[in-house]
Amino acid sequence: MRTEPAAPAAAILRFRPLNFGRWAVWGLTAALFVAAPFAFDSKFSLALMSQAGIMIIFALSYNMLLGHSGMLSFGHAVYSGLGAYFAIHAMNMIGRGELFFPVSLLPLVGGAAGLLFGFVFGWLTTRRAGTTFAMITLGIGEMVFAASLMFPGFFGGEAGISGNRTVGAPFLGIDGLDFSRDIQVYYLIAAWCLASMVAMFALTATPLGRIANAVRDNPERAEFIGYNTQRVRWLMLMLSAFFAGIAGGLMAINLESVGSEALSAIRSGGVLLAAFIGGVAFFFGPIIGAIVFVFFAVALSEYTKAWQLYLGLFFVILVMFAPGGLASLILMNLRVIKFGKFRRLLDPYVGVILSGLALTVGIVLLIEFTWHRTLDIALGATVTVAGFAFDTSQPQPWVLAVVIVLAAGAAFEFMRRRFKAEWDAIQIEIETWLRDNPQDKP
Amino acid sequence: MTPALQLAQLTKRFGRTEIIRGVSLAVAPGERHALIGPNGAGKSTLFNLISGRHAPSSGTIALDGADITGRKPFEINRLGLSRSFQITNLFHRLTAFENLRCALLWSLGYRYSFWHRLNGLREVERRAEEILLRIGLQRRHKTPAGLLTYAEQRALEIGVTIAGGARVILLDEPTSGMSRSETAAAVALIKELTQGRTLLVVEHDMSVVFGLADRISVLVYGEIIASGTPAEIRANAQVKEAYLGRHAQAAV
Amino acid sequence: MPLDFFVIQLLNGLSYGLLLFMLAAGLTLIFSMMGVLNFAHTSFYMLGAYAAYQISEWFGFWPALLLAPVAVGLAGAAVERYGLRRVHKWGHVPELLFTFGLSYIIVELVQVVWGRAPVPYQVPVQLEGPVGWLQQHFGLTFPAYRAFAMAVAIFMLAAIWWLLARTRTGLVIQAALDHPQQVEALGHNVPRVFMLVFGGGCALAGLAGVIGGNLFVTEPGMAAAVGAIVFVIIVIGGMGSLAGAFVASLLLGLVDAFGKTSNWSIADGLDAVGLAVGPEIFGYPVWKLTLAQVTPVLPYLLLVLVLIFRPRGLLGTRAD
């Protein structure tokens, strides 16, 4: 028979001071969004940031499936793509005066489309789980893509549908705020991005969000605590598709054109890469991943045609050595700093980073040389890499590249082992300390 | 009086192998019933049939008179039956507290809500804390379930099982892998947590069986060869021969 | 439909279906044996085609037929040994993502080495033209190379069955699927078995590439063109079921062959029963689609149907 009163028990866990930290983080993020265009004001930077903002929403929506609910999808572009198409058709209807709706709220049209198709396709795809679910999403994605080419009336064939975002009434009736200038589009995207981030974050702290975590960890047990796991996954997919549709709507506004590649397997693969590179186990992981991905796709692609190869290599290396993504790397290092042991890693880090950079340079040279010889040979034998010109018809550049790869490779391997030894030792020390000093203080 | 749980001529075949061959059993409300038998007798399979993990090949299962044969696990759970697992089966990335909170959400009516703030659900929190205290894990409430010690996980397993308020509880070898003192503590915990509820326990440890159970059934090769009070089972020659053997000496 | 046209399309469908099955079989074997769904499987198919092209440029087609699958198999084994094995400990999702990233990389590497345009991988001279006796006796013009492809596929099938059911290696592989720890305790090198299985599966994909590369076009997009279909096949057939993959492959091959040649549309059908369908009718764009236009989507429609009515797949046994 229990005799202790309930009050002390409740007090153990319920004492939670107002979480200033959380408000500070959101406030800082908002401030960053507002201030960014003043720091980076070139047209190119603005385009980069706008695309990153959209990608952040897209990647976070994807992680609602992968990271939060354990659902690996290869067809997420279906929802963002269909959202984009519906949004651009609505945009054109506004332009023709058939629809009175603010352009700034068009992402909601995209979201609604995403939600609708999430409902329909979600029911189909969530009938199975795990690897089978992944394959089914691949099939549905290809189906929608193939179907889009069969209905040129709605999808506009290969060329797609174009629109004009300056139509309709200006924002809040203020003359001049008609999204004719890129900076206005940027702030629209930033606002939606912030709102979506807050919404998706809030969702993680709801009953559905937590049960989705449970279904991820142990679908069988989730059934035995009263939950229909298929229903849970279906609902999460619908909500995820809603936010993907918002991203699609913003894409339509940003580019004023939607083509078949918005529904493509490449777009689906891209958001998967972005989420995973950032780290799926943490809420903010896909935010990092989205920014990195846009960097590869938009910035790096200006400098080299082989950017997809580099992206693929980067992704595979992460899968093999850091499957928790960049977020996990950051957090693990923060933990080492918190325990005051980071000093011991400085030297090994320098060694790994320098030799790794050298190795990367060598590999990049080889790739760029081969690429040039295969694909751009018509432009002559000389290729420029980072400002240096190399004549690929001569053996010297090749020899140089190979020597760099071999030498840096050996050095890197040596440095990597040295780093790993020190890192593992530190981790053991930390884990041991944690085991002996349980951190569950009430 | 309607039995809390009634099995009628239950059979289960996997391919050509018949694991359960015509099991009939009635457990009265509030009764503590132990299911014993040699390894491979089919005890876990029987649990899987009752809890909906597998559908029986023939026969019926009734919970408080309602037919639950072949229903899905979540349906059966919502009707008031809950089970634990022999191999710890928790939400390994969620903390101990979160595990309990999840186990409470459906029974407290929150279902698939995505419009409630989880941390604002006072009743859910109060009940989760209460169970946490009773299973003795209040100092480990922020630890992910996967990182708890084995005994802590077993305790959490029981906590998650009873959290939803199920009237009929199935416990599958709750003390497996425990030392003597851990076992004694576990038995005390089970008794306390399942007060007033119907209990069906699979166990190998005879001291637990004879200390906990009101009635015992013996399952051998998929059939129940004896069913009765501990005294009756102890005295049953068939049972002694088929199963208890030397264990009877240790338990007595 | 005239009979000879029907027979030709039947043979076309069967040959395409058998090619798809060569791919689906390797994929199913790897999945059954190792629990890994090799997303890069069709990339190894593409590698097989490119390797066969390169080898046949140097030595001719017949050496390529032998050497290309071996080369691809070795590449697969190396990938397993140095890449996949490392990821194995992280679980199934990272394994799948590893093979996904690998498929990305292989496609890009192929372009770096051979360029973006299709390469002129030709059918060997000896197999050009129609099958002689079919033309003589039945008046049917069926390409000899397609018949050869079918023969290779059937031979491969038979070889797999014989290997798994009749040899000791096969038994060990089957045992390692279910009980890897016991098999390892018995002294068998399970990691090596995995490497062999993965390499073998990739070699099968490579063989399919040798055949498919000159039957169709060898270009960087060929992996993606057939990729989704193969995964759809194994879901329709039932994950992990070779027999299911066989049935589904043939089914899709036939659907593809017959669908592509038909100009029938739903509007035609409605017309035939007296219901005129014009542009003003709701949904006209759908009704006027011909079967030939819809053929690319048919495999996925089949997938949808299977998912609704038989989620486990045609011959699937396991629920996941």
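List of remarks:
Going in written order, the chains are labelled A, B and C, and every chain counts its residues from 1.
The rule is short, and it goes like this: a residue touches a chain if its C-beta (ideal position, glycine included) is under 8 Å from a C-beta of that chain, and two chains touch if they have at least 3 such contacts.
Remember, predicted model here, so these are calculated numbers, not experimental data.
Taken as a contact graph, the chains are arranged in an open line, each linked only to its neighbours along the path. Core chain by CA centroid proximity to the global CA centroid: A.
Distance between chain centres (mean CA atoms), chain A to chain C: 32 Å.
The centroid of the Cα atoms in chain A and the matching centroid in chain B are 43 Å apart.
One simple way to say how far apart two chains are is to compare their mean CA positions; for chain B and chain C this gives 47 Å.
On chain A, the positions that touch chain C within their shared complex are 72, 74, 124-125, 127-132, 134-136, 138-143, 146-147, 149-151, 153, 265, 269, 272-273, 276, 306, 308-309, 311-313, 315-316, 319-320, 323, 367, 370-371, 374-375.
For chain B in complex with chain A, the residues that touch the partner chain are 51, 53, 72-74, 77-78, 82-83, 85, 89-94, 97-98, 101-103, 105-107, 110-119, 121, 125-126, 129-130, 132-134, 138-143, 160, 163-164.
Chain contact summary for the complex, chain C toward chain A: residues 37, 83, 86-87, 90, 92-94, 96-98, 100-102, 104-105, 108-109, 111-116, 224, 228, 231-232, 234-235, 239, 285-286, 289, 293-294, 296-297, 299-301, 303-304, 307-308, 311, 320. If you check the complex, the residues on chain A that touch chain B are 2, 6, 9-10, 12-14, 16, 202-203, 205-211, 213-214, 216-218, 220-229, 231-232, 235, 239, 438-440, 442.
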